[in-house]
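Each structure below appears as structure tokens.
Across the two complexes that follow, subunit A remains constant while its partner is subunit B and subsequently subunit C.
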Partner chain A sequence: MRRLAGAFRQLRRYPSAVAGLTIVSGLLVLNIITVIAIPYPRALELWRGGEPWEMHPAYARPSWVNAFRRVNLPRTRIVSSRDAEVRSETLPSGRRMVIPLAFDYTDGAFPSEINLFLNARFETREPFLQLTWHTPDGRTVPLGGRTAARTDRVSISQDRALAGRLGLEPHEGLLARPGAPDDPEVLPGRYELRVEALLFEAEADLEATLVIYGQVHGWAGTDHQRRDLGVALLWGGPVAMAFGLLAAVGTTLTTLFIGAAGVWFGGWIDALIQRVTEVNMILPALPIMIMIGTLYSQSIWVMLAVIVVLGIFSAGIKMYRAMLLPIREAPYIEAARAYGAGNLRIILRYMIPRILPVLIPGFVSLIPSFVFLEASLAVLGLGDPVLPTWGKILHDAQSQSALYHGHYYWVVQPAALLMLTGLGFAMLGFALDRVFNPRLRDL
Partner chain B sequence: MALREPAESHPSASPRGWTRNLRRVAVFTLARLAALFVTVLIGVYLAIVTANMGGKVDELREVQIRSGVAEAVRGDPGFQDLPAEQRNALIEQRVQIQRERLRLDQPFIVRSFGYLYQAMRLNLGRAEHMHSDRGSRQVSAIILERLPATLGLFGTASLILFFSSVAAALVLSRRYGSRLDRMVVGLAPTSAAPGWFYGMFLILVFAFLIPAFPSGGMVEAPPPEGFAYVRSLLHHMVLPLAAMFLSGIFISIYSWRTFFLIHSSEDYVEMARAKGLSSRMIERRYVLRPTLPPIVTSFALMLIGMWGGSILLEQVFNWPGLGTLMFRAIGQRDTPVIIASVVIFAYLLAATMFILDILYALLDPRVKLTGGRR
Partner chain C sequence: MPPTPSESLLQARDLHTWFELRRWGFLRVGEVRAVDGVDFELGRGEAVAFVGESGCGKSSLARTLLGLHVPTRGEVTFDGRHVESLDREGRRWFRKQVGFVQQDPYGALPPFMTVRRLLAEPLIINGVRSRAEREERIRAALEEVRLTPPDEVLDKFPHMLSGGQQQRVVIARALILKPSMVIADEPVSMLDASVRVEILALLRRIQEARGLTVVYITHDLSTVRYFASRIFVMYAGKIVEKAPVDALLAAPQHPYTQALLAAIPDPDPENATREKAIPGGEPPSLVHPPPGCRFHPRCPHAMAGLCEVRIPDEFEPRPGHRAACWLHGRTEDDRGGWPRPSADSGPEAGAI
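Moving on, here comes the complex of A and B:
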């Protein structure tokens, strides 16, 4: 313990160690906050996609890009009939409602999409609606009439007939200054979508929500399924760190135990362990893992188990063996034997603890390699099917050709976090190596 | 490799010592070959069992055969008039013929050794779904088409990486403590990220932001002829090579430099320096020569690591090599191609190890065949 404290004091002399430690502990705090703020089941539910995200824009960039742009990209505006001044008059056969959904649009860029969500309450007969679009300069664009189901979505941006009439995509044409279809420009001012509804039952009611999807969203942006990347960026941290740590602990401890047992028992056990290690060293590990991932299971736990199993007889055994061989002959081991300590006790209590401190740097340096291994598998499409991870964001980005379409944020953010994690542990590991390996200390 | 141990007496340079040296290397070579052969055997067998899902793939295949045969018999107008029993018997009979043709009537364990024997002889059989660009269904044709792409890319990358890092490390170990040296030490942790990771960034910057290089593929489409082909190939190789170089260079320089520094503080180097030998001479004779065996080892280990990482790098750069092939084969559940790629990977790894061992035995006069006895 005192040795560890001393090592810690020495670590402070290395700026890279301080930086690494800061990064790692910062990430750790962030991970803990994440796990508390977005509990595991909630994160999985969010990442499954679908309904929670329907009012989010797709392919939206993170909000911080506005800091680097001359023309600000719009955020999403949601106008609900609950906040609107709904006029209602009773007719002999029901009710007539006029819902003015008005909003100010002053951004320099067009929205990415416009949708109208409807919630109707009725017994048998669906309400009928008439939609009109009113621009700040007094034009009126009829958007047609239709009946409303109980929960309905009017995809104004998908209206091909409207696009034909406007000569532009609807979400651009409806907001554009008239007269310049080649170089459309936003006409700033107060717009209104007027919903005139005929309800055919006295008890019937209608709620309408107009969503003008922006081009930026949140601090992380969204993906092709409208999911907020922030969820996966945040949750990727705990997953990556847990995976890296567990894999590193699993492989190091098993390898160490096997190595120590080989040294202690010697003879054919040692020889067998050596041969198995040589076989294992040239087994193509990644192909085997890809096979298991494709053919059997993509669960992160199965992958972890495979990594640990393939890592038991790793090249590290050779190193541990070299370190443990002199220890085996040490007088204190002889003393332990003299008082009658069993094999297991000698291995676990006398041999392994002796070399543990020397293994810490290697152990820390192992973590990033497993973090990247998990990301590698996810990028190949073999990530855990339900977990939000950094590698899976990269995989989605690649399968949607994010770089080709210019969605750079989609690749850069998870990659930066991966790099930060990897770098944090690697810097710490390098510094620890210099602390624990006296020969390196002055180099 | 437990075969190495310091010898009590160094073999002298006399003619008799030389022949003994040769015999020593020969025995050593044979022993290593045998060990590597067993290793490849085990690796390939594991791959066969995994790729067949422990025999489960065969059950699927049998269902497929049955439905195919049933379809054919029911659809054949010649059998329309047969009574149902007779028709079922016919189906049964035909399924049996197919099963025997594919040897599915034998237990999986027995067949798996048959597969192993075929695979080890590089008799790789026919693909189930995939075919080579020329249209051949022979797995060996498919693989041979891809092998040069992988070997070319990764061979070039490792050679560049190896020579530039050793050279840079020698320079840095001479100027140890300089700003450049400290910079390399500081950058060493960046090697925690694998090549494909840097590849993604390079594609982002040099293929999309500044479109200087293609974002993937091996040559332009359609492939040009003659000299233009080579130029196109080199142009496409720049980014993947840069990615591998970036991910490996700093850690290699760092570890070599440390290694050289430790070795240049040995007594015999001090002695040589005291004798007044030139620093070039000291470097070559007293620092580089004794450190050569470990350098070669770690070069080979780097190569092995690169083979493993090739699947991802090729995937990211859309490089038509073995890695991409294997990944596609796994996606299409084309068992013969999967097994064949693993076999080729295992052979490549074994060949790398073998060359390493031979080099080691040649470079390190202390290597003896004494086994693990102490």
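Moving on, here comes the complex of A and C:
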């Protein structure tokens, strides 16, 4: 233990180790904060998509892109009837409400979408509404009339008739300076969507929320399901780290133990372990996992178990065997037998500790390979169906042709995080290798 | 003096330890006869030395006595109990009764354990649960081997100690379970000459103080005198001569022993140019040992027709002094009809 502590003290002399340690510990702190700030069930709920995200734009870029642009991309604006001056008059057969949803639009770029969300309260007869759009230069664009269900959504951007009238997509045409449909330009000023509602019951009520979706969202952007990629990027960290660490620990420990047991007992046990290893070494792991993912289960825990099981009888056994064979004959082990140490004690306390320091660098470098393996599986569509992971983001991006549509952020961000993780562990591993294997120091 | 049966602690009867040679892991192609028919008896509190050249099977004998090798034939009896047929509990008892000191002190200590830890190991394995008791026994053991004050070495790793200190730790570990017998396999051959005597004197002192039975295995006859009361000379897996130290050194009875003694370097400069009569040849193969007496190909007194045919019986040419050599057959019947060799060619003429 003391020698181990000394080895870690030596690490400070290697810049790559310091950098690697900084990256790894930074990621670790971030992971811990993530898990505390967004508890697991909450993360799953968010990542399932749907309602929590309906006010978010789809395919929005991360906010940081504005730092690199001359014309800033707009953020999302939400105008609610609760903040508006609602006029209401009682009629013989009910009520008439006028809800002016006004907002200032000064951004240089058009929004990505406009939706109106309605919340109506009534007994039997649905309210009837009339929508009109008022521009800063005094034009009025009728958006038609309709009835409102209890929770309703008016997709203004999807109104093909309106698009035909405007000659532009509604969310552009409604905000554009008139007369230049080929090169639309935003007309800055105060816009208003006036909702005139006829309520046929005295107790009936209506709430309306206008959402002018921006083109940027959060620090990470959103995907095709309007989900905030930030959630998955943050939660991908703990998942990747836990997966990599558990797989590395699981395979290393079991491999080490089985290798040591084979060396210690020798004879047919050793021969059996060697033969199983040789067969297992030529089995391709990835196709097996694809098969299991396709036919059995995509749960990350099943995958973890499969990786560990396939990893037990790996090439590592050959390496450990080569290292342990001379140790088996060491006089101190003979002495231990003479004072009565049992087989298990000799394997665990006398053989394995002898080679443990040499294995630590390899172990550290093994972690990112499992992180990448999990990501590869996810990219192939075999990721855990419920967990938000980096690999799943990449898979979604791939299936939505993100790069073709110019959503580079969708691919770049998880890839960068994956590379950062790999880089951190690799740099740490290389430095550890030099500390524990002094012969490499002069290279 | 040979012990009376009541004092006897350890007996080996017709002990054979053969190692199978296999090809491709399963085809038996022969065996190495490391220990090939050994009989002896050790008394309680007795120190004996096994002497022989490299590869004569003395280390294999030590490991067989320790129960680390299972004898192919024959049996070891310790304190009246057969070592091989001990149950789990008996085995534990036996492990506590026998300590082991190895040749290479650095190799004998686990390099990743501190002295405290490696001395605690035998105690933990043998059920000393109390930490305080362990600490106390560890300190007592270190003091017994004169590693004082114990605090100076307790937290050190083996590589931080000198060779002599390492061997003292090995001895402390062998003694920590309060054994009644210690087997020391070449305990000083890897140490500096300056430390050898110290370690041997220490072993001797502990042996006397505790009344320990000590089996001292060495190839170096010159160190035996410090230590043992009896010598067993081994050659090619067999004991060829058993005698009290003084008797053996004064008048070796077996031709091999005579050759061994003649090979001891003589510090007297007057003898520097004198030729020594040392038999030529090489130690015999243990896979295909010579028939009859194992020493006959190198023996200057070999009797054709007898020595290469019949394995010699053990004779007792003097009281308490036994040798497995046909030269000592008292009668012609003993020697299978061969006449007694003439006095001047007899083994006693070769005594130094």
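Definition applied: the second predicted complex is superposed on the first by the 443 of 443 C-alpha atoms of A that agree within 3 Å, B and C clash if a C-alpha of one lies under 4 Å from a C-alpha of the other, contacts with A are read in each partner's own complex, and residues count from 1 in each chain.
Everything below uses one rule, namely that a residue touches a chain if its C-beta (ideal position, glycine included) is under 8 Å from a C-beta of that chain, and two chains touch if they have at least 3 such contacts.
Given the structure is predicted, the values throughout are model-derived calculations rather than measurements.
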Fill in the blank from the handout: So, after the overlay on subunit A, do subunit B and subunit C clash or fit? They fit
Exercise for the section: Classify the contacts of A:A271 with the two partner chains as first (subunit B alone), second (subunit C alone), both, or neither. Expected result: both
Practice task
Could you tell me if A:A176 is touching subunit B, subunit C, both of them or neither one (first, second, both, neither)?
Solution key: neither
Practice task
Once the structures are superposed on A, label A:R345 by its partner contacts, choosing first (subunit B), second (subunit C), both or neither.
Solution key: second
Practice task
Please work out whether A:R354 is in contact with subunit B alone, subunit C alone, both, or neither, and reply first, second, both or neither.
Solution key: second
Practice task
Kindly classify A:A335 by the partners it touches after superposition: subunit B alone (first), subunit C alone (second), both, or neither?
Solution key: second
Practice task
Answer with first, second, both or neither: which of subunit B and subunit C does A:Y296 touch in the superposed model?
Solution key: first
Exercise for the section: Answer with first, second, both or neither: which of subunit B and subunit C does A:Y404 touch in the superposed model? Expected result: first
Problem - In the superposition, subunit B vs subunit C on subunit A residues touched - result: B
Fill in the blank from the handout: Overlay on A puts the nearest Cα atoms of subunit B and subunit C apart, in Å, by 6
Exercise for the section: Touching subunit B in one complex and subunit C in the other: list those residues of subunit A. Expected result: 271
Exercise for the section: Enumerate the contact residues on subunit A facing subunit B in the complex. Expected result: 16, 20, 270-271, 274-275, 278-279, 281-288, 290-292, 294-296, 315, 318, 325, 365, 368-369, 372, 375-376, 379-380, 394, 398, 403-404, 406, 408, 411-412, 415, 418-419, 422-423, 425-427, 429-430, 439-440, 443
Exercise for the section: Show which residues of subunit B lie in contact with subunit A when the two form their complex. Expected result: 1-2, 35-36, 38-40, 42-43, 46-47, 50-51, 53, 176, 186, 188-194, 196-197, 200-201, 203-204, 207-208, 215, 258, 261-262, 301, 304, 307-309, 311-312, 315-316, 326-327, 330-331, 333, 338, 341-342, 345-346, 349-350, 353, 371-372, 374
Practice task
Please name which positions on subunit C make contact with subunit A in the complex.
Solution key: 25, 63, 66, 68, 91-92, 95-96, 98-100, 102-104, 107-112, 121-122, 125-126, 157, 170, 173, 177
Problem - Contacting residues of subunit A [partner subunit C, same complex] - result: 3, 271, 330-332, 334-342, 345, 349-350, 353-354
